[in-house]
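What follows is a pair of complexes built around chain A, which joins chain B in one and chain C in the other.
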Partner chain A sequence: MLSYFFRRLILVLPVAFGVSVICFMLVQIAPGDPLTAIMPIDATAEEQAAMRAAYGLDKPLPVQYAIWVGNLVQGDMGKSIATGRPVAQEVFGAVQNSLLLAASAAVIAFPIGIFLGFLAGYFRDTLLDRAVTALSITGVSVPNYWLGIVLVIIFSVNLGWLPSMGAGPGGSQSWAWDWLHIRHLILPAVTLAVVPIGIVARTVRALAGDILTQDFVQALYAKGMSRGDVLRHVARNAAATALSVMGLQLGYLLGGSILIETVFNWPGSGFLLSNAIFQRDLPLLQGTILILALFFVAMNLIVDVAQAAIDPRIKRT
Partner chain B sequence: MLRLKAGIAALAVAATMASAAMAQGTLRIGMTAADIPLTTGQTDQGGEGMRFMGYTVYDSLIEWDLTSADKPSVLIPGLATEWSVDPEDNTKWTFKLREGVTFHDGAPFTAEDVVWNLDKILDESAEQYDPRQSAQGKSRIPAVASYTAVDDYTLEIVTKEPDATLPYQMTWILMSSKANWEAMDKDWEKVAGSPSGTGPWKLETFVPRERAELVPFDAYWDETRVPQLDKMVLIPLPEPNARSAALLSGQVDWIEAPAPDTIPAMEGNGFVISSNAYPHNWTWHLSRLEGSPWNDIRVRKAANLAIDREGMAPLLGGLMVPAKGFLPPSSQWFGEPSFDISYDLDAAKALMEEAGYGPDNHLAVKALISPSGSGQMLPLPMNEYVQQSLAEIWIDVEFSVVEWNQMINLWRAGAADPSVDGAMSVNFTYFLQDPFTGLIRHLDCNLIAPNGTNWGHYCDDEMQALFSEIKNTFDPEAQDAVMRKTHEKYVDDALFLMVTHDVAPRAMAPKVKGFVQAQNWYQNFSSITIEE
Partner chain C sequence: MTKLLDIQNLTLRFKGKRTVHAINDVSLSMEQGETLALLGESGSGKSVTLKALLGLLPPKRTEIEGKIEVNGTDVLSLSGKKLQKYRGGEVSMVFQEPALALDPVYTVGHQIAESVMRHKGVSKADAMSTALDMLDRVRIPSANRRLHNYPHELSGGMRQRVMIALALACRPRLLLADEPTTALDATVQIQILLLLRELQKEFGMGVIFVTHDIGVAVEISERVAVMYAGQIVEEGTTSEIIKSAKHPYTQGLLAANLHDVERGARLNAIPGAPPSLETKPDSCSFAPRCAHATAECRAALPPVFTPSPRRRVACVKAEPAVAAE
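The block that comes next holds the complex of A and B.
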């Protein structure tokens, strides 16, 4: 098991390198100028050139990349051009907030998705199955940006039950697990959970439905095993694939919440990324994308290892 | 004696009660900015930065009068009580500084502090030089050549050439505390978390990207501007729907720039919409390069006459001032132009026909526009409206749509730059508050892009002479007269496609009282109270 883990870990290194090249190059392709955010529109060409040189943006791209990677391996992600604050401080603070949101959404989405999926798979081709399928397709199809706005209108504006924005009184730095703060988390977490509920439910439904038709299930029944015990076997067989889907979903929840974080003004990595894009804040953009991509890679690694732990067949491949 | 003591005690109690009554509530403001503006002195985030983190925490030597909603703002003494230019040498200015002013950290304000602050943004060899503040401040004071503290309360500034617009330039430069910078290990990043200015508000709490909390500075030098509130909280809320929802759900008490389509709902729920004319402009800058059809004054005038500006008002919820010139009609520099900018389709068509165009000979032009952007109002529908209006007079407009950040670069690059891809106009909005930003920078021959923001490469001897006269007229009233004359030429020559002016709408809860919206990009928050 340990050798499998190290083998997978070594494979992460070229992936991480590829990610660093891609995220550096991608942000350079977009038209625009990071200096726009920090200089008045009347700044003369001379002043702009001086500022470009001060930030090292006048150097050839390969040199800029080499400097960036060189600093990165020493743990220095540079400073945000727009704010002057260290990128690491900005990104890790925001990722923490996004993790809180993503984990909350996962806590809502995964149990509901698994339960609904299993129910639909077990009672395949019944009214219940069709209802769950309709629900999950709706969940996947509804634009969560729109859903977020609708929830805000209902629960914040009309009913006044829950706040519409922010991470609580005092901001995310003073986050606490009390009602004053948790109530700020509910609407964005629920909105964010809708898509993974649909995806997990559909995956589990397909898996459970498929496994239930396999010969070994009939063999288990033939052996006189109770329905509950058979279902446990079905669940174990479905677990590896379901786990990989949920792992990927967690990655999406963390990195793909730009719109949700914008609607709810949630100070996470999506919100940070969206502002960095509009300001062409290259160091911040590169740092945020890199951390999110590495999180994806790490999630994949964890899922691979967990799958191998659950299903011994995977270890042998 | 006993009676005297009792009297003093009663007075003391009354004073305490009065002071308690002065501080009234917390005002929470949803800004359009995505981050808290730079807190160290020279702010970023454009006009909003200066409005909320500039003239709140800091002061400049010369400031804007923000007390009236009914007349355009004019310059007033700030940290300088008076200023004058040497009649013998028009490059030499003397500023008399206000005595008895202290920074929030208790350090006294003197002429040495002004020198230290100017070095902070102009002298790269100075220990306190801050590239971030320099990026914001240096281009605002192009006239300044040198400066000296003559004594504690007298400052001398020498300009590169005679420049009567220096007082306007000095409104941009905000004074941070040297003592505080030293106390923060001479580290501007530390200062950002705990800055010190001389302004009416002190920064108490700063959470980057999330909130800034300002509290009154009780020892502020201008008693009329000591804040009435207990606290003012600034929250970045860049998404318009999120901003509106935050106000409607009671999470903030005030939002900047509500989306026009949400205003009826807000008013229906008792929220107050405040707006006023201010020096803002929504125009098309026109290319004046050789071969541009906009070189023909008949085409320019026709285009200006083809737009029904009143008809555009419903699109913006009525929150606009139809253009009658380049500057808003309420500006002190509007003057009396002879060309009446109005909707006259027949006159427009006649001018186009005179210029050689007609139903069978359309004029094709390419225009740069952005889908959004700071101060751009609703650029897509507004530009489509203009496009349809111009089509009525046989001008076919093809749009080149670029994202706002890139638009700023194309604006700086100018009409001749290959990056604009042959566009003959650009829709851009901006600040028009002083002689330089209002008039000079757009058409000065020396500021043709990329040297400055004369996007269209216009250059005209008569206009250049007027700009020179503005810079050499040191009597403010006479200078205003030259400004008016210059603006009249702007309009009479139809040098831009002049469409509308924003009115800086802001929505607030009915409990917010005492706000007077000045005709200015900046506002005074000291008079505001919260009535629970």
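The block that comes next holds the complex of A and C.
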């Protein structure tokens, strides 16, 4: 098992290299010159060239990449062009906030999704099943930024129960586990949870429904197992696949919450990313994308290893 | 001594888009420790009979009439904890396809131990040692290692041995074997048959062996009941069935066998196919395929003749034959 883990870990290295190259290239391909965003309109050609040299943008691309990666492994992700602050500082602050939001959404979404999916799969082709299916299709189909705005109108504007903006009182950037901060988390987390509820419910429904029709379920009943025992067997059989879907969902929650973070002014990576795009803040953009992509890679690694631990049919050697 | 099994006038219908009359007025009884082969082709109601015996049929879609008693217990009235105790404890089952009947993500030892823990209320360690003992008894080599194998790590014959160990772990009085050798290679089939026969002697339980292979039925059982279209058309000891089959269907099955057939000669297959059973049979179900059928056969259900105790034939032609003897 341990050797399997290390083998998978080694396989991650080329993937991480590829990710870093793509991150670097994407930004080069994107149209627009970062300098035009920060230089005064009437800057002379000499002034532009000086600025270019200061940021190392005058060197050939492979050299730029080598410098970037060299700094990266030393923990230096460059300075934001827009704010002048270190990218690492900006990104990690934002990623922490996003991670908090994504984890909260996952904590809401996964148990509900699993429960609904199991219900629907167990009571297949009943009214309950159809209700769950309708619910999950709605959850997946409704644009979640729209849902976010609707929730804001209901709970913030009309009822005044929950705040609609930021991660803490008065636009506070630092998080604390008290009600004043948690209040701010509820609406965005619930909004973000809707899509994964639908996806997890549908996945688990299909898995449970399929496993329940397999012969071994009847064999379990035939040897005197109770309904609870049988459900435990079904859960273990479904776990590997369900886990991989949930791992991917967690990745999407982390990187794909740009719209939600914008709607709720949540100071997370998505928020940072959209700012970086509009300001053509290359180092910040690269750094944010890279960190998010590496999270995805790490998530996949964890899922793979967990799957192998659960399902003996997945080769561990 | 109470009868091991007493089925009386069992009638079973599956409701749904179309109704299927799967079992029609079946009566069957077995003494303790007896081995009975339930012989018939696909769709004749053999497997359904076994599942009814274990209460495994979907309750919402199944209509059951009649009576099933195992050791004096009314099976059809069991539910909840009592049904769980009965399944696997009193009666257990070996399935046709061991690759599908074992849970792929648990070790075989765990799957046997789980059943033992449930029925005997012993600790996990004790249950595992019972599982090990059972793997030894079904002649699995290096059982100690196999205990911790997953089903996909075993061969087909090995898996069926595990399935048998699992079924016998709680010492049932009656073992139901649903075509346990059909999914296996011919050489492995023989091994499993011999194993079942030995274990039956060792444990002294009754066995119902469902098969479509008359050769297998002869090999394993003392008695044979032939099923056709959800009815038992003939019953008797194995030698009675082999030597003097009375029902044309049984005769047909015997004639279609590969034994004593010259090379190049055509096998005597029974023409036609079994009825679809969408309506309850009101005449002899075999009549459309029977060479001896007369108007009488198509008019009403055939009478059941009992030439000797525990011997019966459901055919109008059977009586004159008996009278002639």
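Note that in this section the second predicted complex is superposed on the first by the 309 of 317 C-alpha atoms of A that agree within 3 Å, B and C clash if a C-alpha of one lies under 4 Å from a C-alpha of the other, contacts with A are read in each partner's own complex, and residues count from 1 in each chain.
One rule holds for everything that comes next: a contact is a pair of C-beta atoms (placed from the backbone, for glycine too) under 8 Å apart; a residue touches a chain by one contact, two chains touch by 3 or more.
The structure displayed is predicted, hence computed values, not measured ones.
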Sticking to the clash and touch definitions up top, decide whether chain B and chain C on chain A clash or fit. fit
Report the partner of chain A that touches more of its residues: chain B or chain C. B
State whether A:Leu272 touches chain B only (first), chain C only (second), both chains, or neither. first
Under the stated touch criterion, which partner chain does A:Pro62 make contact with: chain B (first), chain C (second), both, or neither? neither
Calculate the angle at chain A, using C-alpha centres, between the directions toward chain B and chain C; round to the nearest 10 degrees. 160
Which of the two partners, first being chain B and second being chain C, lies in contact with A:Ala219: first, second, both, or neither? second
Could you say whether A:Asn237 touches chain B, chain C, both of them, or neither, answering first, second, both or neither? second
Considering only the touch criterion stated at the top, classify A:Pro14 as touching first (chain B), second (chain C), both, or neither. neither
Look at A:Thr83 in the shared chain and tell me whether it touches chain B only, chain C only, both, or neither; answer first, second, both or neither. first
Looking at A:Asp229, would you say it contacts chain B, chain C, both, or neither? Reply first, second, both or neither. second
Name the contact category of A:Pro312: first (chain B only), second (chain C only), both, or neither. second
Overlaying both structures gives a minimum C-alpha distance between chain B and chain C, in Å, of 50
Using the touch definition from the top, list the residues of chain A that touch chain B in their complex. 31-33, 35-45, 47-48, 51, 54, 82-85, 90, 149, 152-153, 156-157, 160, 163-167, 170-173, 262-265, 267, 271-272, 275, 278-280
List of chain A residues in touch with chain C within their complex: 214-216, 218-226, 229, 233, 236-237, 240, 310-313
In the complex with chain A, residue positions of chain B that touch it: 34-35, 38, 44, 46, 131-132, 135-136, 138-140, 188-189, 192, 205, 207-211, 235-239, 241-242, 245-246, 248-251, 402-406, 408-409, 411-412, 430, 436-437, 441, 450-453
Mind listing the chain C positions that touch chain A in their complex? 54, 56, 84-89, 92-93, 95, 97, 100-107, 114-115, 118-119, 150, 152, 166-167, 170
